[in-house]
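Every chain is named by a letter (A, B, C and D) in the order it is written, and numbering of its residues begins at 1.
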Amino acid sequence: MKTVFSLVLALCLFSAPLALAQAPGAKGLMLPGDMTSELADVAIDAAIKKAQEQGTLMNIAVVDAGGNLKAFHRMDGSFLASIDLAIKKAYTARSLNMPTTTLAEASNQPGAELYGIEVTNGGMVIFGGGELIKDKDGTIIGAIGASGSSVANDVAVAKAGAEAVLKAFK
Amino acid sequence: MKTVFSLVLALCLFSAPLALAQAPGAKGLMLPGDMTSELADVAIDAAIKKAQEQGTLMNIAVVDAGGNLKAFHRMDGSFLASIDLAIKKAYTARSLNMPTTTLAEASNQPGAELYGIEVTNGGMVIFGGGELIKDKDGTIIGAIGASGSSVANDVAVAKAGAEAVLKAFK
Amino acid sequence: MKTVFSLVLALCLFSAPLALAQAPGAKGLMLPGDMTSELADVAIDAAIKKAQEQGTLMNIAVVDAGGNLKAFHRMDGSFLASIDLAIKKAYTARSLNMPTTTLAEASNQPGAELYGIEVTNGGMVIFGGGELIKDKDGTIIGAIGASGSSVANDVAVAKAGAEAVLKAFK
Amino acid sequence: MKTVFSLVLALCLFSAPLALAQAPGAKGLMLPGDMTSELADVAIDAAIKKAQEQGTLMNIAVVDAGGNLKAFHRMDGSFLASIDLAIKKAYTARSLNMPTTTLAEASNQPGAELYGIEVTNGGMVIFGGGELIKDKDGTIIGAIGASGSSVANDVAVAKAGAEAVLKAFK
């Protein structure tokens, strides 16, 4: 990954903040300000670092502002089921513009306002571990999903990824 | 099946434990240590024997370490719905590295930590009857799913299959 | 499997042909004359024996008269894609009451009578390797699908399984 | 990613080849010899480097020996359709133990031996860009799929990823 980004870095050093730089050739093909490869890697690396501190094994997925998969990583030995869970957590967060913990409160009890929503959209995840990724202006540019341990651990890992992106803008 | 395995037996008798022997020709095409045809049959035969002792009619599925179907058997008169249930129980167990009874506790009540997980991964089974299959070193090499009677009976049948594999290593 | 069938054998020896014997407890739950566990194993064992003679690695699936999976076996090292292919070949054959080689002729060329049929039924297989299984009176009691090598080899393996069932009635 | 692997490196430097090292905590949860996080990143980084040399924008997916997604990366500005294409190319290659270019020859003409195979397994890709990943002994440990440009470019990118893994073992 270093090769990719040192090139990007060289091109952008004097004209744009690092975290916003799209790869050469992408102009006109993606929205300005959308999730970049650089930012997706920042999020995944920070999430993995957090998982290592926890001693957990995670699947981590990042989607862009369009809700489409941008990057994914499955740590050695982590759950196979979490491939789909991590991707769906990221999609669920972005597609409802809220962390999946917030969705859980609105959907995981009979009679709750959105009870049953999980069967739509090809399967949504209604427990924690999906977090929004925003830029420095608060615009949603994607989301991150983490799956592999308790919900509390998954949430912490996803948040670590999202926060690292925010820091990359500063 | 006897023909297959007597050949395997003849080739392996003096060089490797019976239960680990991959069929001739499989070298390089499957990882060493993964579920073999022999072991899958050991699991299914022991599961059927247990079902007969119970007087139940079962569907039994065995998946390998990658969660892919290795062998399946539907006893005469057993539920058609249990074809999919047995296969999904085996996949669910392996994909979360836990018996589906453990998953049930975490997911089968509104508000439970993983409530709603069953709609992911193309449909997971969140009640008992899926058990991990391990080798003599404790490495997960697959899983077995049983479906056809009460959950308690399904669990006992799946466990009988998994335990028979463990014994085959000794 | 020997344990299962010696019991069945003991019960049925003086009252019914071996190959037709349903397992105890199945009465009223499946149609008389439908594919039994015994026959499914006869088909799979014969198919595996043929594959070994060929030096090929096969996935073999048997469905009953209702087109529902009865038994499945994946030989060590055989294709993962052939899990689905073998099951779909068996289903395709039974659901159209013809070998999949016959279907191929009617569907695998633009303008052919059934061109495009493969996208129906959740995906049909329009090349050889699915064969009907009949009883001694010519009644279709299921089908067998084989996948793992050239189409010619797949067809030979599936035929070996179907023919072994026919012999079991005699 | 550097943080993860420097830890792995420190643990394994004197006991095992770098490229084979599984992350701490994975023992018993994945088969020895299966695709690691390290190797998946080696493949993706080499594939991206090749795409940059070509001036193309690629989606790159890596699956393990069981055909399950291990890592994924979408370059800025690359096709959204290629998310699914890259993942399916990798799965198709592993599930048939051949590059998808080889499958193309057998399936992309009416009347070809495997014509119609693309509708099975939830959708297979029958053109180039999926390549097997092998270890130093020739054992298949996964596959890589690349999608984003002409088939020739996709193939070259996928091959660059697979070859980089092989070099990592030496």
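Keep this in mind: contacts are C-beta pairs under 8 Å (C-beta built on N, C-alpha and C of every residue); 3 or more make two chains touch, one makes a residue touch a chain.
Note that the structure is predicted; figures quoted are calculated from it, not measured.
Engineer: Looking at chain pairs A-D and C-D, which one is connected by more C-beta pairs in contact?
Structural biologist: Between C-D and A-D, contacts are more numerous in A-D.
Engineer: Among all other chains, pick the one whose mean CA position is farthest from the mean CA position of subunit B.
Structural biologist: Here the answer is chain A, farthest from subunit B.
Engineer: Compute the distance, rounded to whole Å, between the mean C-alpha positions of subunit A and subunit C.
Structural biologist: Comparing mean C-alpha positions, subunit C is 46 Å from subunit A.
Engineer: If you average the Cα atoms of subunit B and of subunit D to get two centres, how far apart are those centres in Å?
Structural biologist: 28
Engineer: Need the CA-centroid distance for the pair subunit A / subunit D, whole Å please.
Structural biologist: 22
Engineer: Just give me the whole-number Å value for how far the CA centre of subunit C lies from that of subunit D.
Structural biologist: Roughly 34 Å, centre to centre.
Engineer: Multi-chain contacts only, two chains or more: what residues does subunit B have there?
Structural biologist: In subunit B, 27-30, 66-68, 97 touch at least two other chains.
Engineer: Could you list each pair of chains that touch, in label order?
Structural biologist: Every pair of chains meeting the touch criterion: A-B, A-D, B-C, B-D, C-D.
Engineer: In the complex formed with subunit D, which residues of subunit B make contact?
Structural biologist: 27-34, 64-68, 97, 134, 137-141
Engineer: Within the complex, which stretch of subunit B touches subunit A?
Structural biologist: Against subunit A, the touching part of subunit B is residues 66-67, 92, 94-97, 110-117, 119-122, 124.
Engineer: For the complex, give me every residue of subunit C touching subunit B.
Structural biologist: The touching residues are 1, 3-4, 7, 22-23, 25-30, 36-37, 40-41, 44-45, 48-49, 52, 55, 57, 66, 68-78, 80, 83.
Engineer: Can you check the complex and tell me which residues of subunit C touch subunit D?
Structural biologist: These residues of subunit C touch subunit D: 79-81, 84-85, 88, 104, 107-110, 118-119, 123-127, 150-151.
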